[in-house]
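Two complexes come next, and they have one chain in common, chain A, joined by chain B in the first and chain C in the second.
Take a look at the complex of A and B:
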């Protein structure tokens, strides 16, 4: 029994890290652009395809595949901000509806280009660590280390670079940030590009574990959604706490009660939190 | 300056009367089209359009108080399951199933409306999204109620006494009359005191509150009416299609109602009619290329949001204004 608990705690932390990678981009885009981006999962999907073609088809090294997903998403994100989201600045609801349109477009273009069948990607490494009964596949360790490196780089960027500070200032108060010389015009495309890139790298990492298809973005989007509702839209510390919480709740409930019960528990929790604290655990109070 | 505005006013008015007449004629022609062609396929599309009009009308009522519900499909589901259970488990007649569907969905909306509608804007969208998922998951967990993932088949057709509407051509009049009744009901609400309160809340909720309108009660009322209408659409759907599964009421169904509403016109009476009329037949005609249809939906949604934020119903007015400016 105690083995089960420890094993599910370990799995919970792994899940939490994955969710964090998705949720940070999602919450960053909301914080900067005030857009609830329903197309976030589609960036994950495109990242997974990019990694598949670079690694499994073209035979490039895996880090190159991840870097490719990153670069492609940066460019695509900046273009999409200009074409799709710019007309709706200041209108949260319209921006969100537009993102639903964008998700339909991206998912179905991928369907036309790559077909509906899931593609499987070769695993990076095989085998598993076994610490006195607690089993950890090596492929997951790669994913954990990779996510942690990306999160660390991102943390440094956000905390210690000029641009990172400007982005944070914008999230806190756009008018004051603008008054202090933050170039809002440049921050919007940068925000969406970064959010897209984080999702795409998550996709590139997850591709060997969960496979690649036009529909793989749905679940990560749902998880990012849950994390930011729990943690508070736009709050990065909230996203950190909520991803870990969600990962742990999911893995422990599904270990002891089954996966579908875990889903119901999570959704009931989300609704309860929203009703008590509409802006999430650490979210800013909305007017 | 004043003269020119007056003149444009005249052009606009005549354009409007002509536009409205043409619109009414086009609607009538569309409604009679399957009867004239006699094709079962056309009857099917026409019925699906009527059902979509009803459900989207309900979503429009909720939009009238400034809220966008992402669990509208789930309310259609609640109505569908309620009517199915009444008719199949309790052996009640079809009409009782429909009435029960409307009553139960309205009650559910009334129960959850209070706490739910304290949330505004994107937060309301987020919680309704979560509720839609929860509905689907709970339905999958209780196969005794919903048939689980394999669904429930052979739901009895709509019937009034010995009159059984088990063919597309016989069900169509019921669907059409229902759609017309729902549009009429929403028109009545729009013109009543309640309708004026709705638009006051939609335009500026703080201002509405300060002028003494009970905004919470007003939003609740819109949510109850809109969800009740969704339940009605669900009941008709259950007895027309004859098959229900939790996956039918996936969040994509809610999204499709939102697309129809936005494309047609978010706040206009005829918005849902135009949206459903244009978007429902598309999948049928583009069967070979479903993906392109969805790409088209997405593009249409973004283009209409950017250039016609009040939807296609505002197109004649827009054109008239452009013409007047010339």
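Take a look at the complex of A and C:
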């Protein structure tokens, strides 16, 4: 029994880290642009396709495939901010609806271009590490290590570079940041582009685990949404805590009580948090 | 082989370039409806059925028409799309039966559509050939409905019996989607394993949008099962389960009872994880007749063939043979009886007869050979040949 407890905790931490990469971009976009970006899952999907074509079709090395997904998403994200989201700045509801429309468009374009059938993304590694009966699938360890590197780079960028500070200033207060010389016109596209790029890299990393098809974006979007509601919209430390919490709850309750119970517990927690702390665990109250 | 492909090419070219038959001006027209799904989900099945019918009809038309009761008829296939929906199937059936006045319908693809059109077709004595898997499609009160393909009800037990015995399986774990379909399949499959002498010792249900199965698989593996059954899951989900089970070190057998899905599962899981999986196979690609059909089909229509297509090619041909034996295209009661009495028909799939008296109360269910295959390097390799009685 204690073996099962440890195994499910390990599974939960892995799952939490997978959710984190997705949730960080989602919460960043909300923090900067005040847009609940429902197209976030579709950037995940496009990243998965980009990795598939670079790695499985063109035969490029995997890091190059991930970098390609990153670069492509940066450009696409910046263009989309300019074309789709700019007119809705400061209008949260219209921005959200535009993002739903964008999600539908991207998903159906992918459906037309790539067809509905799941594509074959070869695994990078197979097998599992076995540490005294505790099993760590190698494919997940690779994804986790990759995610941690990306999150570390992202953290450094956000905390210790001029641009990162400007982005954080924008999250805290747009007008004051603008008054201090933060170039809002550059930072908005950059914010969405970074959010999209994080999602695309999550897609590229998880494609070997969860497959590639036009419909793969839905589940990660839902998980990111739950994480961000729990952690607080716009709060990055909140996203870290909430994704770990979500991963651990899903894993332990699924293992000991079944999948339906896991869903009940997760959503009960979401409701409880919303009742007690409407802005999430570490969210800021609306000004 | 060369001869066959040349022949196929010639037939394909003939179909492609044939002008309206000028030699057969005096021929009458035999209208056959194809009420199938041509758009949305299920379209690949519907297309396979329609084109199988067209291919069967074109064979007769090439030869100058089909002779029934001293008359010669050109066969005309009239196709309607039901979008896999019951209400659209009903309006299409109304048009086919009352406007086009067809007496024979190939279709429908779905279960709900066939149940919806049967009040029309059975009342008017229109013979239908459906793919619908529902057990209610066939009954003594519906004497004009036939099913030329096998369903899970036919194939599950023989396949499970064989796998359980040959692999020495005692306990089985399974994951099913948490809905009506999943629960029904869980019940059926558990009963089948019990009859085969194994126990379904760990059953888990999950929501359909779930993609991470590691926690549930951990739970199933902690029960120490010998095998994991994938029946009831979409090909994509089944592929994810296979991959994740192998990822966390599951070494037992993985079994997929039910519909053809091997290619998609291998795509998602990867050939390495899928290696050694036991799957249901409807076709034996090493059989010459099957190969010839696939080649001819792909050359004629220039896209790949759906696995159900040959069942409907054989089914349509059995129907045409029944008309010839009954000597009429008008009296569908006589045609139906002639069709029922066809035995050991030599089709593309092998030897075909009708069965189903015990299960449905009427012998309108095809009895065709099928296979248990094992995945080797991402491809199916036949390991057992089965019929409804069992596998060997």
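Criterion: the second predicted complex is superposed on the first by the 286 of 287 C-alpha atoms of A that agree within 3 Å, B and C clash if a C-alpha of one lies under 4 Å from a C-alpha of the other, contacts with A are read in each partner's own complex, and residues count from 1 in each chain.
Just so it is clear, contacts are C-beta pairs under 8 Å (C-beta built on N, C-alpha and C of every residue); 3 or more make two chains touch, one makes a residue touch a chain.
On a predicted model such as this, the values are computed, not experimentally measured, just so you know.
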| item | value |
| --- | --- |
| First (chain B), second (chain C), both or neither touched by A:255 | second |
| Which of chain B and chain C A:15 touches, first, second, both or neither | second |
| Contacts of A:219 with chain B and chain C, given as first, second, both or neither | second |
| Chain B versus chain C as contact partner of A:4, first or second or both or neither | second |
| Which superposed partner A:263 touches (first chain B, second chain C, both, neither) | both |
| Touched partner set for A:36, first chain B, second chain C, both or neither | first |
| Which of chain B and chain C A:117 touches, first, second, both or neither | second |
| Partner chain in contact with A:27 - chain B first, chain C second, else both or neither | neither |
| Set intersection of chain A contacts, chain C complex versus chain B complex | 222, 260, 263 |
| Residues of chain C defined as touching chain A within the complex | 178, 204-207, 209-212, 214-216, 218-219, 222, 235-236, 239-240, 243-244, 246-249, 264, 266-268, 270, 272-273 |
| Chain B-touching residues of chain A, taken from the complex the two chains share | 36, 84, 87-88, 92-94, 96-98, 100-105, 107-109, 111-112, 222, 225-226, 229, 233, 260-261, 263-264, 267-268, 270-271, 274-275, 278-279, 286 |
| Complex interface listing, chain B residues touching chain A | 68, 115-116, 118-123, 125-127, 129-131, 133-134, 137-138, 140-141, 255, 258-259, 262, 291-292, 294-295, 297-302, 305-306, 309 |
| Residue numbers on chain A that touch chain C, as the complex places them | 4, 7-8, 11-12, 14-15, 18, 117-123, 126-128, 130, 135, 137-140, 209-211, 213, 216, 218-219, 222, 250-252, 254-256, 258-260, 262-263 |
